[in-house]
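Take a look at the following structure, please.
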Amino acid sequence: MSATRYTYLGPAGTFTEAALHTLPEAATRELVPLASVQAALDAVRLGEAAGAFVPIENSVEGAVTTTTDELATGAPLMVYREVLLPITFALLVRPGTTLADVKTVTSHPVGHPQVRRWLGTHLPHAQWEAASSNAEGARLVQEGVMDGAFAGEFAAPLYGLEPLVTDIHDAENATTRFVLVGRPGRVSSPTGADKTSMVVWLGDNHPGALLELLQEFAVRGVNLMRIESRPTGQGLGNYCFSIDCEGHLAERRVSETLMGLRRICPQIRFLGSYPRADRRARSARQPGTSDEDFVRAADWLARCLDGRSED
Amino acid sequence: MSATRYTYLGPAGTFTEAALHTLPEAATRELVPLASVQAALDAVRLGEAAGAFVPIENSVEGAVTTTTDELATGAPLMVYREVLLPITFALLVRPGTTLADVKTVTSHPVGHPQVRRWLGTHLPHAQWEAASSNAEGARLVQEGVMDGAFAGEFAAPLYGLEPLVTDIHDAENATTRFVLVGRPGRVSSPTGADKTSMVVWLGDNHPGALLELLQEFAVRGVNLMRIESRPTGQGLGNYCFSIDCEGHLAERRVSETLMGLRRICPQIRFLGSYPRADRRARSARQPGTSDEDFVRAADWLARCLDGRSED
Amino acid sequence: MSATRYTYLGPAGTFTEAALHTLPEAATRELVPLASVQAALDAVRLGEAAGAFVPIENSVEGAVTTTTDELATGAPLMVYREVLLPITFALLVRPGTTLADVKTVTSHPVGHPQVRRWLGTHLPHAQWEAASSNAEGARLVQEGVMDGAFAGEFAAPLYGLEPLVTDIHDAENATTRFVLVGRPGRVSSPTGADKTSMVVWLGDNHPGALLELLQEFAVRGVNLMRIESRPTGQGLGNYCFSIDCEGHLAERRVSETLMGLRRICPQIRFLGSYPRADRRARSARQPGTSDEDFVRAADWLARCLDGRSED
Amino acid sequence: MSATRYTYLGPAGTFTEAALHTLPEAATRELVPLASVQAALDAVRLGEAAGAFVPIENSVEGAVTTTTDELATGAPLMVYREVLLPITFALLVRPGTTLADVKTVTSHPVGHPQVRRWLGTHLPHAQWEAASSNAEGARLVQEGVMDGAFAGEFAAPLYGLEPLVTDIHDAENATTRFVLVGRPGRVSSPTGADKTSMVVWLGDNHPGALLELLQEFAVRGVNLMRIESRPTGQGLGNYCFSIDCEGHLAERRVSETLMGLRRICPQIRFLGSYPRADRRARSARQPGTSDEDFVRAADWLARCLDGRSED
């Protein structure tokens, strides 16, 4: 039944699946790994799944542009949840293998930069080869093709392997951000620590257009959290911007900002307001930007129109 | 009866009175000259008059700070109308006087810069003396104390004088702007060519506060027409700003701007939206700033909240 | 000898003269009171005096527009020094007079707002009349025409009077700012707590021109201290701006700002860099705006051009 | 000899090689294909080659982040030249093959989006498989493993193939931008139509930091051509920006902008000024931003310091 089905970027045994399991509702969903971000999202668009869980950004590799591009184009989708997962690797081996036995290692290429230094120090003579996913790497170890696989520790039991070394990571704080995506629906209520995602197109490519766009945020005291430029496909020099900002669409400073963008930009796509995974409330609150401030100002304006502004 | 009484900065026979007569309703009002701007405004505050007509700005002398300061403080007042009057002088003399007879001339000191060059060319040996108003100058000529008075041509018959020379003005386009002020009341409807006046206080004197204030206007495409800094009386370095902008409070770009100012400034006083005397519509319209643009953006926002943003 | 002569806005016995005496060099100058700001400045322009000392701003009344306009037009002048004088009044009377004897009082009209409340409380029945200066008011008391004069306490001995009450002031912190003006000359060295004055004309009256002007300051971290709009005489809606900012022209952040203004504005007049009378160093220093920061950036740029930017 | 050697992202027969051949000097260089962008750049860093030619941006796929990241970190490199190559595909087959014979096709995955629609229309039943490069795809056709390869038409003779269909492209104007990279050296002279590349780090992640960065450009009238955010590796939410702007470092508006960035940003890396491949001069010239304007302003400033600003 599609209403209880979540697709995700597979295969099983990857960091994506591990991140998905941190969502409480995952326990009651049918979780279906698919071979690509596009396949996972299309299942939602076609009504075959209620949600798709995909990576969107990595603190080392940057944006997962397949995901941001898919959200920017095609049938509309919305983000309902985000998950942050710290990325540390385990070296998975067949039971009984020692470090001295490991002559060949594998991982998904994206993981390679994260283990390269560790490899240089601890297994300087081991040969690294690419696998199509970390889980596939583990399978190759299970089958005896490779001696070790860098993958999440959680993948070990799936393939009958053991974690020989854990907590391997060249960059501190390596984190991947995942989003749960669904068909557009009513935005859930603010939690007090939310973020809002959108894609904004710049108009006639006029100098200063990006500056004007950012000023719509700044003048209402809305902080940007992420901004990615992406080609529009209309030739070099034509970009749209994938943006996350602090706050919820139901907050006045955010809604006024989005209406401002809608007015000055030829196209804008709202991608959802949802709880921040880090549960941090907004950074330094700029005076005059709370909902109460907006309401007081609107009350005052109504009195101005009535000639009672100083009552 | 106060409802039909307008006070104005007197005496009779001045440019202020001439400007007042350009208002159609002046014909049906009791027009009362008073000795000072403050007196004229206080009569309105006390309910003794329905309106006060006073100068607020001159294209040569600048702001009439008594007027701007009075509007900024004390019991609230509102501007309902503005009048622009080109200022050109006539040399008024007793009948029969020739230019060669004119040895002494007089005018209000504010008018002096406007006739100085003409005097140097045409009456280089005449002696100028100050009068407390141009009308008082005419009276001095009537009484034979002075030979000539610079005043509006319209003042001649009031004092039994003749305009010997007309259209005297050192600066081209010298214009005085007058405002009709009343007690606060419901703002009249937009005419399509309106302006809005206000006084805005800057908060903690932080660097960049004025820039932030101007950005509230700029981001909504609202053009400034006049900005005057005035001391707040709290010591040097503390200013408020008397501001006129294009547009009417009932227009969304203006109301959103004023609400923005209200949120970020410690104090703001709305002084009215009223028809522009030059009847010019706003200058170059910035895209995305019409009321229709605001309405469309608000509709879109409502759909976003409902998950129907791309319907 | 003109090189040792300073003119000032007279007559003697006014606050202007008192402020002038706070300048150490005043003791060795011939101090010449003149009847108007214009006369005092013209004496400098004509080479008849080395300096002119005139009021430029009052914390209650605002700009002395005669001074700002004179500095903006005509033969160039420069400001070399500023003086701040707290304004408090004494009630000067003939020796032997008691408060009960005072039926008539006088002062310059500018001083009236500063003593009005005191009068209402302590001499509610006294009649106030305007004098052409506070010193002239004192003279009228000396001659027995009036009973009391509000003036600086320092004026008492000049007119054989006694201060009956001192320290009278309705507004706290009432202060007048005076400037010492001379013919243009080499700017003196920075003291570490300086200010810079200028007049800037906005070009084609395009919306946003003032914002652009302020951004030239903001982007280099230069704080505004005062900004006054003044008519250009080209008709309503055409303004120039008289501006004081923090810092000295010899400081890089200030010189780069002024060059920026010079590039984007049709006209700019530099009016001098001189020590701040309050001796306060600049407010919160914005990172990256010290001379050292500018020098380091220029060094880096030179290395960039040479391909050695990361040496 | 390394001084005449250029490395490039191989293998031979790719669009990169075709773009490289548009450089006149390529005819006199030893051109060495390497397996990765990193390998091509490292050869330059190690002194084994004088230049490396690599793709940096595609109008459909966006930034080649390997290239932007490599330029942002490690031993400094500089861009000396850019090339724009329109990307259209040919379907390469063994001589004698007809469209009806083509059951299997291949290409590099990056090319797939560019031919997908054509495939759906003209070869709806053909099976697509990924190759590690377009050239490798051609080799697979040569060996009879696949029936057709999407590649540049220029690759046909290298593999004994024929272009069966040419000018295949789903997106109009698909273009790839390549750069010739070398060790840091003296920046060549401006041509009048140049661009400047850099990487800029934002400091303390404070709200508005990106806006401030853009204002350094805007206030000097320097237009952005491309801006890419990239993770710094310090955890989610920490970004640096890879930026191209109009103009040459030897132009004053550009050098002043870069010095401004250097002052306010914790880190900046200059990546070169070089001729624009589109040979277009800068877009709408903002008044006051030419070198002559800068020189005039500097002259004026010098006169200000000397008290001769209005000579």
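For reference, chains read A, B, C and D in written order, and residue numbers begin at 1 within each chain.
Here is the rule we use: a residue touches a chain if its C-beta (ideal position, glycine included) is under 8 Å from a C-beta of that chain, and two chains touch if they have at least 3 such contacts.
Chain by chain, the UniProt names read as follows: A, B, C, D = Prephenate dehydratase.
Bear in mind the structure is a predicted one, so any value in this text is a computation, not a measurement.
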Kindly list the shared contact partners of chain C (Prephenate dehydratase) and chain D (Prephenate dehydratase), in label order. none
In this assembly, which chains make contact with chain B (Prephenate dehydratase) and also with chain C (Prephenate dehydratase)? none
Chain A (Prephenate dehydratase)-chain D (Prephenate dehydratase) separation of Cα centroids, rounded to whole Å: 27
If you average the CA atoms of chain A (Prephenate dehydratase) and of chain C (Prephenate dehydratase), how far apart do the two points sit, in angstrom? 58
Separation of chain A (Prephenate dehydratase) from chain B (Prephenate dehydratase), taking each centre as the mean of its C-alpha atoms, in whole Å: 57
Would you mind listing the residues of chain D (Prephenate dehydratase) that make contact with two or more other chains? 215, 218
If every chain is a node and every touching pair an edge, decide which shape results: line, ring, star, complete or other. ring
Using the touch definition up top, name the residues of chain B (Prephenate dehydratase) that touch chain A (Prephenate dehydratase) in the complex. 76, 78, 183-187, 212, 215-216, 218-220, 249-250, 255-256, 258-260, 262-264, 269-270, 287-289, 293-294, 296-298, 300-301, 304-310
The chain B (Prephenate dehydratase) residues in contact with chain C (Prephenate dehydratase) across the complex are 57-62, 65, 84, 171-173, 175, 177, 207-208, 210-211, 214-215, 218, 223-231, 233-239, 283-284, 286
